[in-house]
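Take a look at the structures listed below.
Here come two complexes built around chain A, the first alongside chain B, the second alongside chain C.
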Partner chain A sequence: MSTFISLLIGGLVLGCTYGMLSLGLSLIYQASGFMNFTQANLLMFGAFVCYQFFGVWGLPFVISLILSVAIMFGVGCLIERLVIRRLVEKHAKNVYVVLSTIAISIIIENLAMLIWNSRQHYFPSIFSGSSSVKIGSVSVGKESLLCIVVALVAMVALHFFLNKTKFGTAMRAAAMNKTAASCMGINVNRTISMTYGIAAALACLGGILIAPKMTAYYQVGNQISMKSFAGAVIGGYGNIYGAIVGALFVGLLETFVGAYISSAYKELIVYGVMIVFMIVKPSGLFNAKVYE
Partner chain B sequence: MKKRVLSVILAATMVMGLLAGCSSVEEAESSAAEETTETESSSDTSSDSSSSSGEYSYVIGHYGGITGTTATVGTAGYNGIQLAIQYWNDNGGVLGGQIGFEFYDDGGTTEGAVKAVTYLLEEKNVDGLISSQLSGNIQATGDQVEAAQVPEVGTGMNPAWLEQGWTYLFRSVPNNAGGAQPLVDAMLTVGVTDLGAMIYQDDGNTSAWAYVTEVLENTPEITLVAEEQAMVGESDWTGTLTSILNKNPNGVLIFAQGEQASLMIKQLRELGYEGYIFGPETFSLPDIRNVAGDGANGIIFFAPHCIPDSADEANSEAEQEFLELYEAAYGELPASDVAYRAWDATNILLTAVEQAGTADGPTVRDTIANLKIDILAGSADFSAYDNGECLSGQQIYITHEGKNILFSTFCEENDPSLYMQ
Partner chain C sequence: MKEQGFFQSKKGKTVIAVVAIALAIIIPLMMDNNIIFTQNKYFYVLLCLIGIYTIVTSGLDILFGYTGQISFGHAGFFCIGAYGSVLLSHTQWGLGKATGYVLTPILSIFIAACIAAAVGALLAIPASKLVFHFLSMLTIAFNQIVYLIANNFSWLTNGSIGITSVPAVTLFGISFATTTSKLKYYYLVLFFVVVFLLVKTHIVNSRVGRGLIAIRENPTAANGCGVNVAKYKIMSFAISAFYVGFAGGLYVHMIGFISPDTFVQNTSVIFITMLLFGGSGNLVGPILGAAVITIIQEGLQFLADYRMLIYGIVLLLIILFQPQGIAGLGNTISGAVSKRKRGAANG
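Up next, the complex of A and B:
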């Protein structure tokens, strides 16, 4: 039983991290119809920004987190405003927009390496004293629990933002039909820009939460990005609830396969399941509209 | 209003980047190793170095990864070579002239290494080579080096690449096969009976693990209760480590590169394991202690070198001099012992060139093959081996109270079973 609980928590931590990225991927896809490859490196950059505030300059963790998320929100908006929107306004083909996100992603990675160098940077422990707590007979990292709690709170907050606020309603309206939303007085460009900002902020939050466990490292995003894509696909690409559930599924699947089958097969099984979903149920667990 | 908000965000981001960049300059010194140690030859960190080999009496080429997953270690090696060349140039160079340096960043990949060696041999016509610390990359490029008749001193520790029959390849450090027996002996000393193992699936670690398993097969006191693989590219090993702990080992062995090992150790400790952890030479990486924190206590590993916390704590005058030079040049001690290996490799190559009195590849090769030289790793004697090795055996270290100390010293001062859970 204790093994199961350890695995469950480990899988949830991974799943929540993937979820932060998957959410952003789905939000952007829903709002603009584009795949976005910048998310993983925004996660990495956000972790570094927080490391700078918290680990280097010694600001309190909460302040560092808020500042980092705010800055990355701005970066997300800027990416949309300065690159994506310009390409869309020039009626560039979708593939060009997607390629531009790959280019931005590489730029962000190189920028991080130039600023913080290529070494792993030890992210100071968020909690003082022992790094783990006992849940029954199971030892669980405090930062792992924080990761799960903050991720779940962020997901619930996003749900209420999208469904209970005027701006959230405007975002959903713009995602459904841009022309109609525009006719109704909704500033579509602004809502799309905000979507990129929120996606970047979520990625940043994910980066901060895993940094104590995985350190701040310029390639940390690459190791997570493909799993978050798998999560989004399994959940239903473009459906934000599907993104969350799909990501949690991938995190748990990966962890339990590693423990009960073999670590050698976990990648094979995770991506195998993704391929099966793409063929058998491309709309994913939440029946996202993925057909032309 | 919208423009104002955008301007504020843009300005804040730029200021953040600039401030972060400024504050990390000191750290960056260690990773880039540019101005402060620049030799009079080219020292570009890219492949498009502009120097001409003709300006120098001898040109050393180096391929390694200062980017990619082993960048920390690769940068330390790069720095060690630059430092040694600077040292030689400050003392008159070799063959009556200055020593040149050509570098190609292979990103730590095999295909990158093949490109790098091709570039260095065919485009830059280097006279001698110092390799990456990645044994797989040395092995992948061995035929090229042999065909070009350019002597190469390697810093990778896997025995395999010196078992290929090549005559132009040499090693500046004892190979890691010599660490297997002392490591298993240490397991017996602390009382390990049930061992769990996790092996990072790269060439160096899988082959090093193969030597340990050979020794374990002849050690009936220790049972291997779990053996798991860590795949390249992973960053979370919760499931795998839980699976190992589920078998109730009283010792856990992790063979991985330093960058991954530090995270594995941290995650293993977070899962509640408090016992001994055994590892290879990569555990001497200071970042292990930085990342794993108190969880690093109780780590036992073999290594030819172990970086002390300050130059004053060096084990010899030669090591102290090297560390002081390194610290003066890069602002901190090496991030990896590969800096030691690279320093030694450069000194071996240049000493042989000096003794040979020529840059001619076959002559320098023959000189190295008979060279006896004191290096940081010990008294090296290439003539004692017929395959390019110069040393054998490894030291065993333990991390105790935040410091890496000799395991024999630890056992004299403490109960060896101190960290048994």
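Up next, the complex of A and C:
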């Protein structure tokens, strides 16, 4: 039983990290209709930026977190402003937009490798002193709990931001119908730019929270990229609630298959489930609209 | 009106092709006899690689340039062709290990390419229904799955250690072992490049090719005109996979060693970069792209760490500023010049 609980916590931590990525993917897809392959490497880069502030320069954790999330928000907006918008204005084919995000993803990955070299960097523990909490008979790392709590808070905050604030409503309106939204006086370009920023900030948050567990390493992005996509597809691509559920499902599936069946096959099984969903039920668990 | 010069006409293009093939035959021969340049064995490896990547890029072009379907997983087909051929022809692995009989390498390459084509067709059945962004994801997942199988099924592929001493190609009693003569292998590759390019021209100019282009331009309209969209997409995937699988076989029998690391996701991105850099949807683009990117890749060996970064930047710049690739550079320049002329005349 205690193994089961610690596996459950481990799966939830992974699931929450994937969830932060899937959320960003779904937000961007909803807002602009494009896939974004940069997301996972933004997570990796965000973790590195925080590592620089917190681990190397020794700033307090909260300040490093806020700084790095703000920086990554800017990076996300910049990517939209400098690349995606230019391509959209040129009426480039969708394929080229997707390709450009892959190109950016390669650039970010290799920049990280050049700046912080190709070794795995140990991310210092966030809490000093005793590093585990007892839940029943199981001791759980404080970092894991923090990861789950912060992810849940971020998801709830995003929900309220989208549904209760004026800007969130504008974003949803722009996602629903660009022309109508701009007729209502909404600056559609700005909402899309903001969406990319928010997605990057979420990815950064996910990266920082998983970093104590996975270390800061330039290939982290490649390891988790496809799994966050799997989460988004299973939940229903473009539905933010589906993204969370799908990502948690993927995290738990991966952890339990790795523990009880074979760690060599856990990725094969995750990809297999994703492909089955794509073919049998492309709209995912939450019936997202994926066909144009 | 644009006047059609000699080199744009069909006859002119044939002349150019024949001259290019003749040069491709003669120059290495002259080099081998020390008439021009120095005798550098590595140069033939480079030429072979260019040939092999030309086949890959042309195959990808049939899928992307003509049918408009994206694939980020062609390294998976490359992997199937390479591993398939090794497992069919190696005495200690795969078929040789199980039955004691092996196939001669050129036959094994052909069968492995057929397997790749079959897998491509299987992959295309669901893929032909998907919109483009799901397609890109599906092909990436396919690439990952093939890589994971090559890496984890140690009983079949020897895992991440790889398989050494891959047998050399022997044809009509002539050995094409790269350990003795790289020049002979280059001619073998050149022969297949010419065959594959001829087949590609034939496909593209046939009924099938027009159907593929119709799908690229507008699937709904193509369907309305009686093009069986699903069937043609599957065909395009299978042909493309055959090309890439065959090139994978040629590659592995040249290198003589195989390990899963060659077939990671980055390789697929490099294939796409080659195609986009050269220019998709024509015959020359893939050759140019394969040649330039291969030379850059080998020339930048000393910049090992920066290589992927440079790929990324090149890819991004091409997408932003020159989506037609360098084969379309002439058009872009003449377009810019005529625009300026027109501007001068008006202003």
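Note that the second predicted complex is superposed on the first by the 292 of 292 C-alpha atoms of A that agree within 3 Å, B and C clash if a C-alpha of one lies under 4 Å from a C-alpha of the other, contacts with A are read in each partner's own complex, and residues count from 1 in each chain.
As a working rule, a residue touches a chain if its C-beta (ideal position, glycine included) is under 8 Å from a C-beta of that chain, and two chains touch if they have at least 3 such contacts.
Being a predicted model, the structure only gives us computed values, none of them experimental.
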Partner chain(s) touched by A:Ile106 [first = chain B, second = chain C, both, neither]: second
Touched partner set for A:Val233, first chain B, second chain C, both or neither: second
First, second, both or neither for A:Tyr271, with chain B first and chain C second: second
Chain B versus chain C as contact partner of A:Asn177, first or second or both or neither: neither
Chain touching more of chain A, residue-wise (chain B, chain C): B
First, second, both or neither for A:Asn163, with chain B first and chain C second: neither
Which of chain B and chain C A:Leu14 touches, first, second, both or neither: first
Which superposed partner A:Leu114 touches (first chain B, second chain C, both, neither): both
Chain B versus chain C as contact partner of A:Leu78, first or second or both or neither: first
Contacts on chain A seen with chain B and repeated with chain C across the two complexes: 111, 113-114, 118, 222, 264, 267
Parts of chain C lying in touch with chain A, wherever the complex brings them together: 64, 68, 70, 72, 126, 129-134, 136-138, 140-141, 144-145, 148-149, 152, 265-266, 269, 272, 276, 305-306, 308-309, 311-313, 315-316, 319-320, 323
Interfacial residue positions of chain B with respect to chain A in the complex: 2, 6, 9-10, 12-13, 16-17, 19-21, 23-24, 27-28, 30-32, 66-69, 71-72, 75, 198, 228-231, 233-240, 242-243, 245-246, 259, 262-263, 266-267, 269-272, 287, 290-291, 293, 295, 335
Interfacial residue positions of chain A with respect to chain B in the complex: 3, 6-7, 10-11, 13-14, 48-49, 52, 56-57, 71, 74-75, 77-78, 81, 111, 113-120, 122, 125, 131-132, 138-141, 144, 190, 213-215, 217, 219-220, 222-224, 254-260, 262-264, 266-267
Touch list for chain A against partner chain C, complex: 29, 34-35, 83, 86-87, 92, 94-96, 98-100, 102-107, 109-111, 113-114, 118, 222, 226, 229-230, 233, 237, 264-265, 267-268, 271-272, 274-275, 278-279, 282, 290-292
